[in-house]
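Shared between the two complexes below is chain A, which pairs with chain B and chain C, respectively.
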Partner chain A sequence: MPMYGDQGNKLVQHAKRMQNLAHLPPYQTELVRAVTREVRDLDKDVASLLEPFQGSFDPSADQSTACTLLVNHLSMRRNKRCLLAYHRTRTDKLEELVWNGSDVLDLAGQQAGGVANGAAATVDSGASSSLSPQEEDYVRQFGDLLAAYKGQWTDIDLTGSLEPPRDLFIDVRVLKDAGEIQTEYGAINLTKNSQFYVRQGDVERLIAQGYLQKLG
Partner chain B sequence: MDIDDILREVDPTFHAVPQEKRSLQELTRAWIAERSAPELLPWPADGLFERVNGSIKRQIEKVEEMTGDMDPKTNFALIVIQTELERFKYLIRSYLRARISKIDKHTLHYLSTDALRSRLSEMELAYATRHQALLHNHYLSSFLSSFPSGLQNLNDSAGINMVESPDLESAVFIRLLKDTLVEGRGVDSDGAMDGRESDIVILRWADAKPLVENGSAELV
Partner chain C sequence: MSYYDIDSILTDAEKIPCTFQLDIPDLGYLDNTPNQPLKAGTKVNLPLWLAEMLVIANTGGPDNKTFVTFDLPRALGNDVVQALKADPRAVPLRDQSAHFYGLATHMMDLSEEQELGSVLRKTFVTRAAEISLHARKVGGGGSKGKGKDEGSNLGIGGAGEDFLRGLDEWERKLFRKAHDGAKSGKEWMESIKKN
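So, the complex of A and B:
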């Protein structure tokens, strides 16, 4: 017979595993629902246990009931905690992606495709995203929030590299056609496989987005 | 040679304007402290960031002015100034990001009391409040709304405390700025020593905090 908290524990294990993954595994809709249901059932149990006492329950008079109540009480909170931990780990991951400037919603779709092409070759429920609809909303809203906060620092790109700058100019190789960019030394046409010596600040975004590769 | 020296070397205003140098030192110090301290430190109150932002703006203008000039001498100066600018920007970026990551980690904790809220800058406060609201909304729409109403809060403390706070007992390194008595709590027994200026000590942040706050030590 499943114990209280078994489902919650599974969620936490999912969250733990997720921390070491590069991508975001699919949202555990069923598990989340099951844990939530468990909480509701426990709450109903508590209500029905307390009903005959009409609000005048004395724990020392009926210790077995008191113990049941305590276990139910703690199990509910533990489940809540597990759910919070699971969702928080996921949102942390999503926020990290937003900070890195990758298009999360686009990426989630690509990932589903990538898994299908890879050695695993498990068709990952078509092109559906590994995010829950709520998470997609969250990513959009967090993106707006971040943009708003960043916008207040006009001269500093907060999402820029956190590596200390060593050289003003760097060598880059173009991995994907990125079109023409304007720099203070004139326009550069970034065509695939060409190589340039450019100012790091001008191309930081393109490196983060995978258009350019830093050399040396 | 530490970052101070490197920055000083490329700072063309080093000999002329002590004000800018002071700002830079303050910024570097705030940056180092923020990165080593386990909890969020107060936002610099004396307008440090207005000053730094001002000097960044001036430097950007100077760069724009000099760009048209093809004289090799100006060109060299341009590169020096731009390098300095990039490093300045990096310091600020890294500092702000270090703060944001701490705020994100323990948002509810920092929003819980006025004393803690006052450590955040206005922008950060707005960001943290909004971020927490987003998170709460996300939890609500994902699962919390189908919970019994008594369990829908995020800050309940009955049974299990749901508000995480930073670990004030984690270890930090400090450098003493003057001779002072250093007291620290250990696992088995507590210790005390007469510290001398420029000694470097490792101890719990909770023990180091008073020394740092009264200016007897700085974080390294």
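So, the complex of A and C:
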């Protein structure tokens, strides 16, 4: 027998599983909708329970109604907590991905020119995204926020690697076309399957985003 | 325990046996009979998030009753407590409840079980020592050898796996932390030697 709160619990179990994953599983649109619908139904129940009392409900005079109201209220509160926790777990994960420099919106794997000098900036969302439209918006704006924050220090890359590099220059192979990038030593055109000997600092971001692979 | 804590929310979904103290026409669905009233005296398993408030909420009537009364869940029943007193390491807590300690803490807030607290404290301390022992062993075993009873001179070879399977969610976290700690420590030592 399904009970109020069961759907919300499923949502939280999704969140629990998500905590141990590297990627972000698809947004549970249906489940979220079911839980919000449940809240709306409960609210309607409460309204119709209270209607005959015309705003002068005395709990001690009608204990069974008082108990029903309490149960309804608690169920709504529970659902709210489940919904908020689910979304918060996801946004935490999204923020982490943005900080790591992974191209969150690029999950559909479309070509994006000019990614080279922008962070996870403005890429149009693919058709089969695992984010909800609101989440895509969140990521975009959080990315902008982070870029603005990082912009305050020109000589330090806040999202750069914490590992001190062993070599200044490294060999890289291009895994997918990344367009042209500007370096101190001129422009390099990164076309798929080509190989380059470049300064690590110039391509770190592209490696993190999966465009290049470090060799050796 | 934050409002957003996933484990805390899942703990609140654990059910405890409750008994309703009055007839309630609209709550029949809690006892699988949606179209009939819920009679006083009906026993229903309710999730903590619901039960917790119902057992403390006062009906507001002259006799100062609460809506429901509750019993300790089987996970904290006499059988389990006796087994824990005998040997905390021999009880697979996970079979009782995946959030055993969380459930127990909630129950102690609601009831006045004096003995339970001390039994649980002893249980956790004893098991924590065992957990750390296993965690370090796995960390030291290296990633290549998946041999089950390597280093079983401690007398915890195959039985160790059973023990680890019986950890509740909180203990699992402890195990993971201890294990990761031992592993990172080892990796750090090795990187020092290399340079």
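Everything that follows uses one rule, which is that the second predicted complex is superposed on the first by the 140 of 216 C-alpha atoms of A that agree within 3 Å, B and C clash if a C-alpha of one lies under 4 Å from a C-alpha of the other, contacts with A are read in each partner's own complex, and residues count from 1 in each chain.
In the analysis below, contacts are C-beta pairs under 8 Å (C-beta built on N, C-alpha and C of every residue); 3 or more make two chains touch, one makes a residue touch a chain.
Remember, it's a predicted structure, so these values are computed and weren't measured experimentally.
S.K.: Would you sort A:G5 into first (chain B), second (chain C), both or neither based on which partner it touches?
M.R.: second
S.K.: Would you sort A:L74 into first (chain B), second (chain C), both or neither based on which partner it touches?
M.R.: Both: A:L74 reaches chain B and chain C.
S.K.: Quick check for you: in the superposed arrangement, does A:Q13 touch first (chain B), second (chain C), both or neither?
M.R.: second
S.K.: So which one touches more of the residues on chain A, chain B or chain C?
M.R.: B
S.K.: If we overlay the two complexes on their shared chain A, which of chain B and chain C does A:L84 touch? Say first, second, both or neither.
M.R.: Both: A:L84 reaches chain B and chain C.
S.K.: Determine, under the contact definition given at the top, whether A:T183 touches first (chain B), second (chain C), both, or neither.
M.R.: Touch partners of A:T183: none, neither chain B nor chain C.
S.K.: Determine where on chain A the residues touched by chain B overlap those touched by chain C, and list them.
M.R.: Dual-contact residues (chain A): 74, 78, 81, 84, 88.
S.K.: If we count contacts the way the header does, which residues on chain A are in touch with chain B in the complex?
M.R.: Chain A residues touching chain B: 32, 35-36, 39-40, 43, 73-74, 76-78, 80-81, 83-84, 87-88, 91-92, 95, 132, 134-135, 137-138, 141-142, 145, 148-149, 152-153, 155-158, 160, 162, 164-165, 168, 184, 199-201.
S.K.: What residues of chain A sit close enough to touch chain C in their complex?
M.R.: Per the stated touch rule, the residues are 1, 3, 5, 9, 12-13, 15-16, 19, 49, 59-60, 63-68, 70-71, 74-75, 78, 81-82, 84-85, 88-89.
S.K.: Across the complex, what residues on chain C touch chain A?
M.R.: Result: residues 3-7, 9-10, 12-13, 22-27, 29-30, 32, 47, 49-50, 53-54, 57, 59-61, 67 of chain C touch chain A.
S.K.: For chain B, which residues count as touching chain A in their complex?
M.R.: Against chain A, the touching part of chain B is residues 53, 56-57, 60, 67, 79, 82-83, 86-87, 89-90, 92-94, 96-97, 100, 104, 123, 126-127, 130-131, 134-135, 137-139, 141-144, 146-148, 151, 154, 156, 158-160, 162.
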